[in-house]
Structure formats: structure tokens, C-alpha cells
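In C-alpha cells below, several structures.
In what follows, subunit A forms one complex with subunit B and a second complex with subunit C.
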Partner chain A sequence: MKGGWFRIYAYGFLLFLYAPILLLPIFAFNDGAIVAFPLAGFTTKWFEQLWVEPALHQALKNSLIIAVSASILSTCLGIFAARASTRYNFPLRGGIIGMIMLPLVLPEIILAIALLVVLLGIGIPLSIYTVILGHVLVCTPFSIAVLTAAFQSLDKSLEEAAYDLGETPASTFRLIILPLVTPGIISSLLMTFTISLDEFLMAFFLAGTEPTLPVYIFSQFRFPKSVPVVLALGTVLVVASIILLTIAEYFRRRGIAKTGGKDTGGFL
Partner chain B sequence: MAQSAASQPSLPARAAPKRRSEAVNGLLMVSPTALYALLLLAAPLVTIFTYSFLTDGYLTVELTPTLGSYVEAWTNEVYRVVMLRSLGVAMAVTLVTVVLAFPIAYYVSFYVDPSRKSLWLFLITIPFWTSYLIRVFLWKVILGFNGVVNSGLMGLGLIDEPLTFLLYNTNSIVITLAHAYAPFAILPIFVALEKIDRSFLEAGRDLGESSFVTFLRVTLPLAMPGVISAVMIVFIPTIGDYVTPHLVGGPEGKMVANLVQVLYLKLDNYPLGSALAVSSMLLVGLVLMMAAMQLAIFGYVFKRIAGTTPLILAIFTALAAAQALLLLVVVLWLITDSAVLTVSLGAALHAVALVALRRKRSAL
Partner chain C sequence: MSSEKPVMIEFRDVHKYYGDYHALRGINATIRAGEFFSLLGPSGCGKTTLLRTIAGFEGISSGAVMIGGEDMADVPANQRPTNMVFQSYAIFPHLTVAENVGFGLRKDPRTKAEKAKAVDEALGMVGLTGYGARAAHALSGGQRQRVALARALILKPKVLLLDEPLSALDKKMREQMQVELIKLQRQVGITFILVTHDQEEALVMSDRIAVMFEGQIAQLADPETLYRRPASRKVADFIGTMNFLPAKILSEAGGKVEVEAQGFGKMTLNADQVMSAEGAAGGATVGFRPETLTILFDGQATAEQHCDAVVEEVVYYGDMTYYDIKIQGCDSAVRLSMRNVFGRPVLEIGTKTRVAWSAGALVLFR
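The block that comes next holds the complex of A and B.
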């Protein structure tokens, strides 16, 4: 067997990675108010309760508005940065890209309080718009990571051919480059949407009185009674995220294949 | 290009932007994103850095410069303990995560069929993107008093009473964070391993090295850039994690982010909150620098192991050992309740390194 012990370890590790996600549906369908073993029987009542929680629906609506806006904005910003860093050599390139990518490593709490202080300082009231600002900051580095892979494998001679045939830089971008990187853009949109939908800390600090879905979930953890409903909600969210990410991965791979690049795998 | 420009006079004007220098084009192209980051990232970071040197007034921040917040953060036992605990937890998480991640990255890079590598990486990253809050909460269910681990072990008859050291302490924080950051550690190591020219390994074995020594002398040094980025990408964010200590840390498991949140949202003490945040980043920087030094010393010993005088070798080995010991003592001092876990893992890691050194020496 290839890999021997490594293989056994790898499968064991996958089990460790997936343990919480595998347990989630077990408790979401468990007919007991206490989330613990032994199980009490099968029920779908926690899922049914999802339909009758107005606070939950409001939070979902906020989250969707934020996620759609943040994914579009951060993907647009990602296109500029990824295109600039793969196509041009300019002074301070490393420094500028490094600054843009900083949210990837910096603890989110620091980003959140920094933004909070500045927004309150210039007198902008907290709302879903301030959450969008924060989420764009967090999502842009991931968008750049996906899009850089798509732009990097572009053949520069295609673009030069277009110039030689009399196209302007703008029309070249629209006619040649954009179609080639479209799968990468779709992948980036789906991924940043998923990240924004799941992001908690920025929303916790910046949402004011308009909670997002994760902020709502976090507030419900305080009441043991509502935990099974939250787990049912979590099951729905996990299934939705996996579907979105699978589509994103499909487009990411297609994008790299389309521009003739070699797939090194992985989002990061 | 020149030909067509000559025949069609309108073209040079249309193509004019292309003639602008590459630097200007690049800067223009990156400017929207850079401007966004400058306004909403760099400027706010400078602001909290400045706040950390200002005085806290009632519901306001006064513009009197002071080091008072830092003095408070570093001398008040409450803040000091929490900061050092956060550092200890982040170090333990980094160690556990990277040590657990390496074999996975190695397996996927060296043993998995190339056509299936993407699938493996996708499987590894999926849990990372799905509902962080719910995942953390489920660790509470897994590690709790009548949780999965306890009921499983009791069902097997291995224990009579539920284990209580699993939840609401730094152990549970370390386990949960190691789980959350695993993909972040696996991917950079995998990328570094993928870049290794496989013929190097064959050369190593052809020259009569055992596969273990080949791994130590060829694979491991070449994988180091990946390991280093894995360490940074796990270590820096974990020290500021808020959700995990809040949900599974219990009353004795608060970390810096929890204090910063209270100081900012409940007590309105922005200078002290900022000073704590800045201090934790300073601590991270310091530890990373120390680790870099240790790595440099180990690297030097590995490289110079042949053809150097025994004295220099002994000095460097002693230095490396002393630094390793220092690091261990610091970690031991920082966290009391998960000290056993950390020290045993740390000791194992250093033992492997020392055994490798000795093997190398005796082989020569």
C-alpha cells in the first residue's frame, strides 16, 4: 500500500478535521433539548423552528446583503491588485501587496477595534454598511490569492497580439483577458461570499444594533434552550457552504485550466 | 507594431496609455485596492498605536501622551497573566498544528497520485470555510462532561468517571485552535514540498544515505520555507483569537482578545485596550525573532557539521540546546495547566533534532 503509515495517519487526520461537522447533523436531528449523549430519538422540530424566528430572518437578511456587497466589492478590488501584481513591475510592489494581504495574518480583533475606533472617531454610525467595509478588508486578500492564480497563468503574448491588431488596453481587457479569468472571478465571488457569511468578529464589533447571522448564533449560545435550533441552522449553513465552495473550486480549476496554468491546488 | 502605426496614424493615440511606463501603469492599477487598505487598514492601525500612548478620560480619550497604559498592561497581574497565557496558548497551538500538519502535507505531496492531490487539498480546506462558530461550539460538545470523548471512553469501560480536564481550560483552547488552523499549516508546507526536485532525493539515496537521513538533510531543509510560513500564519492570528477562549476556555481561559473586547465595548478604556493589543503583537514579534535565531543556529550546525573544528561545533550545539531549553522554560512558566502537553511535545521535537545531530556526527 502506498504511503503505509502516512496513509493511515492522513485518514485519521481527516476524521479529526471532520469530527465536528459529522456530529452537527446528529445533534440537529436529536430529539433532546440537551446537546449530549445518549441520543434521544429522531426529530425535525429544530429545523421547523427555523421558520418561526423573526430575529433569525432579520439576521439572515442582513448577512445576505453584507455578503453579496462584500463579495462584489472585494472581488473588484482583488482584480485590480491581482492584475497589477502579475502584469506590472512597479516600485514598492512587495510592500503594497504585503499591506493589502496583511488582514490574512493579523488577528481579526486588532482589525476590528482599529476600524471601530476610526469609524466612531469620524462619526459614522455602526450599521450593516460598516460591516461591509470590514468584510471587504478581510475578504480582499483571499480574492487576490484566487485571482493571482488565474492572472498568473495568462499568456502575455495574447494581449500583445490584441494591441497589434489595434485594440485599446480597455477593449483588450474586455475581449481577451476578462473571458479568460472569468472562472477565477466567479470562484472569488463565491469564496468571499462564503467568508463574509461566516465572519463573526468584525460583525460583532461593527454591526451595532443590526446583527448578522453569526452574531445572532453567538448570542443564542448563551441560552441552552435555543442551542438545538442553532445546530439545525448550522447544519443548513454547512451544507450551503460546502455546495458554494464546491462550485467555487470547480470554477477555480476551470479557470486555471483555461489559461493553461498548472494546478498547484488549494485556495491559499 | 511600428508598421501598423505608420499605416494607421490614429493608432498611436489610441495605444498611448500603453506607452506610459510600466511603473505608472502598475501603480495606477493597484491604487484602488492600495487606497482602500491605506484608509481602512493602515490608518486605523496607526490610530490604535497612537491611542495606546494617550490618556483615558471619562468616555473620551485625552491627548496627554503617557506610557501609563503599557505600565498598567505589563504590571497589573490580571493583564499580565492573560497576556502571557495567550502567548503560551499561541505557541502550543503553533507547535501542535505544525507538527500534526507536516505528515499530512508530506503524504499528499509524496504519496498521493498527482490527479488526486487537488481533491485532497479541497477536502482539507472545506472544514476551514464552514461555520467557525458552530465548529468551536461542537468542540464543547465533544470535550464536555457528558460529551463524545467521555461517553465513548466510559462506554468502552476505559474510565469510570468523566474526565474533567478536557473542557474549560487551556487544553481545550489548544485542541480547538489546532483543529481550526490545520489547513493554514498544511497548505504552505505542501506547496514547499511540491517544489522539491524529486531527483535530489534519489541522489541522496544513491549516495548511500538512509531514507531517514535523506529526509533530514534534503527534504526538511527544503521544506523549511513552508514550515516558516505555516508557523507565522498560525502563530500570529491565534494569539488574538476571541471565539475559542470565550466558548471553550472557561473562566480561567480568557485570552487577550477577550480583555480587549471588554476594555473597548464595556469599559470604554481605549488606550489600555490598544496597549494590550499592541503588546500582544510585540510579544509575537519577539518570539518569532527568537525562533528565527534558533533556526539560524540549528541551520549553521547542520551545515557546518562536516569540516569544522569540534570546539565550534560544540559551542553551537550548546547554544542551540541552551536556547531550546530557554524556550521550554518560558513555555512551562507561561502556562501551568496545559504545561504537560506543551512540554512533552516540545521535548519530543527537540529530542528528534538532537538525535539527528548525533546521528549525523557519528556517520561522519
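The block that comes next holds the complex of A and C.
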């Protein structure tokens, strides 16, 4: 067999990656409070419990507000930074971009603690707004990375052509540049939304009395009886992300087909 | 004649620096209304930079660029009466052909129907009638080129700037587009300024050509003058093929120069045949084009000026044959070209023959 060992390695790797996720729905539908084989029978009661858990609903709402805000804010900041770094030359450009990208490699816990100390020091109360602040900090480098690639692939003469045909720099940006980097913007929104949604450290440190979904889930794991409910919640989240990614991929491919670009695989 | 037409563009001692790099070194030239003007030169000679100073994409360090008598220093690119066809065509990939062509009409006060008609007319002008609804990215290279032309011409600019517009096309398509561009220019009567590194393209298309080297215009002339009387060795080398023979200047008097060229012997040249030797090492040389030297076949009348020679190499091109021949008394071979006329044999290597030449076709570089 060609590449026998590599094939076994590849399958083993995929199994390690996805088997735990496949166990989620199995135990979510299992009629027993203890997560263990053998299975005890089929039930949907864990899912029903999801509907009647106000704390969970509040956490989900917090998470969604934070994720939507953080993804939009960081993508906007990413657009400015990516545009600036690909089109303009200014002193210390490399250094400035490097500093913005630094949170990618800095231990997040250091950022979280530092931010907490500063916020408490200047007397800003912890709330979902402080979590948004932290998440923007974490998400912006990812936005910039995705958007820089999108801006770099733009032919500079497209802008010049629009300018040459009478448009202003602002209308050129709106009519030409923005439509052409839209796939990159969607990628950035999606990526930062996902990062923010499951981010734990910042949320844990900065949330105060308003937990996000990951913080709520973590807190529930202390009670054995809540574990199947959390697994049911996990199942719902997996299904939701698959749907979301499918929609995003559909739009990405449509965008590429519309501009006749080459499919480079995107980030998905 | 173009010389009677008003001046459209004037460069007044234009200099351009990129940091320490002196890209344009004192450009002085005028381009007349309705002219097909080419900027010709090797890559890095500043021809594209000069074109971009007309469009307004590049500022200048000193001097002035005038369009229609107006200094363009404070006029941004989007308000200049120029439009450009880019080397990459810069077709907006997310728009249809019609949206691309009509892009410049966005702020035009005409009604939608009138604009649509203008777009159709522009598409018709470049031979793309009926292509309006197509996606721009689905077009071939030649079609993109036409869309770019229509998009620029729809605004009826005073000057159309073309930045190496044909370099991305294959040879056949390029030759076809050259003729179409000439016809189009005659039809619309707009001043065309073409940047190219292809000397043949410049000779075919232009009314006048500015040959540029290292940020300076080396010669500005019509194609025929450029070809027959290149102002320097450098220009002669860049445009077409030219043979050079070492020469000695014997005397100069009353605008006439008496020269002795290796292999050709003594001759008298007029002052307008004497050019600069810039770009050459060593002393004076006499230059001539391959087609100005003719092989004398048996039975042909002996021309007044001729010499004996031996064929060293034969390159057969179908319509033409190129011979490398060694003229008696010359150190190196020279190239001559003969049209292949029916009944005339193609000579073989080693054939002893005679070649005729005319002093009027020679140029002295010193």
C-alpha cells in the first residue's frame, strides 16, 4: 500500500480530532446522569432542560452580544490597519504593525491580568463592555492577518483606474476596494466571532457578574448532574457552527465566482 | 501636418526624484493635439513615470507639466482631462462589461437611457457590441483591452494615455490591435500617448516618437527620421539593426565631411548625416541599415559604389533573407537584408559576390 504508515497516521489523527466531538451527541441523548458506557437509553430531556435555564439564556445572550460587537469592532480596526500596511509607507510601519500583532503570541493570561489591573485601577466596573474590550484586543491581530492577505491581492491599478475615471479616494474605496475585499471581511467577521464566542480567559477575568457561555459552562461542570445538559448544549453549538460555516463557505465561493478569482481555499 | 496643430501637452524641464534616484532628468517636449505620440525606451528609462506625471499619478520634483496650456501642478488625477489604459487593463472584476465602460459616467447628469446608449456606442467603437451584460472577468486578454479602451474613451478625454497596452497580448493579436488603435485614433481624433519598449510597435503606430534613456529624451522625431537618421549610436542601437564600420574623418569644409570608412573607402557626407557617437566605445564609425546594402546579382548593372564581399552566414525568413557578409578590407562581418523576389536565388555560404551601397544612406557617428 502506498504511504501505508502515513495513511494510518492520518486516520489516527482525524480520529483523535473528531471522536470526542462525536461522543457529545451520543451522551446528550443518553438517559443517564453519568457519562459512561454502556448507554442507558434514548432521551431528549437534557435538551428540554436547556429551554428552562434562565442563567444559561443570559450567558448565551451575553456571549452573542460580545461576539457580535467584538467581531465587528476588530474587523473595522483590521480594515484600517490592513489598508494602511499594504498601501501606505510611513515611518516605523513594520514596528507598529508588529506591536498590533503581538497579542497573537503573548500569553493571553498576561493580557487578561494586565487589562484587569488597569481597569480596576482607573475604576471602570467589570461588565460585558470590558469583555468586548478584551476580545477586540485578542481578535484584531487575526482580523489584520486575514484582511492583509485580501488587500494585498488587490491590483493597485484598479484604484488608479477608478481615480482616473473621476472618482474621489473615498468613493473609490466604497465602489472598488470594499466590494473586492468583501470575502476577506466576511472571513474576518466569522473568524473573530468564533474566537470571541469560545474565548474563556478574558471573559473569566473581565466579565464581573455577567458570565459568558464558556464561563457558564465551566461553572456548571462542578455539578455532576448538569454535565448531560452541558453535553446537550455542546451538541447544539456543534450543529450551529456547522450551519454557520456552511453558509459562510457558500458566500465565499459565490464571491470568488463573481469576481473570477482563483479559489485559494480561504481559511476554512 | 501635425506641426500646425495646437500644443496639447508641454513638459517644461521636468525633474523627478525618488529619494536619491533621479528618475526624470530635465524633460522638455511638446505633444500636439491629435497626435499619436510614443514614449519609447528600455525598462527603467522613465517612460512610464513620465506618462504617469501626465495622468497625475506621479508628482514632479521641479518643472511643469502643462495640458492645454494649463499648469497641472494643482490638478489631481481625477480632474485632469486625461484617461488611461493600464498595462494590466485594471478591469473591475466585480462589474459587468457595461458597468465597467459606464463607470466614469456615474456623476454624468445624463439620464440612464442616454448613458446606456453612450456605453453601447463605446462598445461598438471597440468592436464589442452585445458584450455589455457579460461578466468582465470572463473576457479574454484582447477583449479586456478593448473594454479598457472603451472605458477610457467614453469620457472623451483630451488625451488618452496608454501604458504598454499591447504587451500582454500574443504576437498576432498585438499586430491586429496596433492597426485597430491607429484607426481608432484617427476616428476619434484624440491625442494618444503610448508607452512602449517595443521599437517596432512605436514605429508602426506613432506620428512622433520620443526615445528615452536614463530619464532623458535622447531623440524626438517622426519614425522615418528616427530610423534613417538616429541622433546617436545609442538610439541607432535601440531602434532596428544597424551596422557600424570604423571610419576616419579626413577633412571638414562647408558643411561637408570627407570620410574614409573601412571597406567602403573615401566618401563625402552632408552635415545632416553626422550624428553623436554617444553610447559607443572607440572612435568614429559609419552606420547603415541592412536594407541599404544590396547584393549585385550577375547581369545587374554595376552601381557606382560597390565592393567585393563573401557570404558568411545565411538566415532565411521566407519573405526576406538576411546575409552576414564580409566586405573586402573589413575586420568584421556586416548584416544585409534582401527581399526574396521570385526568380532570385538565395545565396549559399561562401559565395563571392559584390554589394552596392549609397553614401546618402550612411550616417557618421563621431
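Definition applied: the second predicted complex is superposed on the first by the 240 of 268 C-alpha atoms of A that agree within 3 Å, B and C clash if a C-alpha of one lies under 4 Å from a C-alpha of the other, contacts with A are read in each partner's own complex, and residues count from 1 in each chain.
The rule we apply is simple: contacts are C-beta pairs under 8 Å (C-beta built on N, C-alpha and C of every residue); 3 or more make two chains touch, one makes a residue touch a chain.
Because the structure is a prediction, the values reported are computed rather than measured.
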Quiz item: More residues of subunit A are touched by which partner: subunit B or subunit C?
Solution: B
Quiz item: Is A:Val118 in contact with subunit B, with subunit C, with both, or with neither (first, second, both, neither)?
Solution: first
Quiz item: First (subunit B), second (subunit C), both or neither: which does A:Ile242 touch?
Solution: first
Quiz item: First (subunit B), second (subunit C), both or neither: which does A:Asp155 touch?
Solution: second
Practice problem: Would you sort A:Val52 into first (subunit B), second (subunit C), both or neither based on which partner it touches? | Solution: neither
Quiz item: Taking the superposition as given, does A:Asp164 touch the first partner, subunit B, the second, subunit C, both, or neither?
Solution: both
Exercise. For A:Leu180, select first, second, both or neither according to whether it touches subunit B, subunit C, the two together, or no partner.
Key: second
Quiz prompt | Shared subunit A surface residues [contacts with subunit B and with subunit C] | solution = 163-164, 166, 168
Quiz item: Where on subunit A is subunit B touching in the complex?
Solution: 2-3, 6-7, 9-10, 13-14, 16-21, 23-24, 27, 35-38, 76-78, 80-81, 83-85, 87-91, 93, 96-97, 99-100, 102-111, 113-118, 121, 133-134, 136-137, 140, 144, 163-164, 166, 168-169, 191, 194-195, 198, 200-201, 204-205, 214, 217-218, 221, 227, 230-231, 234, 237-238, 241-242, 245, 249, 253, 263-268
Quiz item: What does subunit B use to touch subunit A in their complex?
Solution: 1, 4, 8, 11, 14-15, 17-18, 22-27, 29-34, 36-38, 40-45, 47-48, 51, 100, 103-104, 106-108, 110-112, 117-118, 120-127, 129-135, 137-139, 141-142, 144-148, 151, 179, 182-184, 187-188, 190-191, 194, 232-233, 236-243, 247, 256-257, 260-261, 264-265, 270, 273-274, 277, 280-281
Self-check item: List of subunit A residues in touch with subunit C within their complex
Solution: 155, 157-158, 160-168, 176, 179-180, 258-261
Self-check item: Residues of subunit C touching subunit A in the complex
Solution: 55, 57, 77-79, 82-84, 86-88, 90, 92-94, 103-104, 106-107, 135-138, 151-152, 155
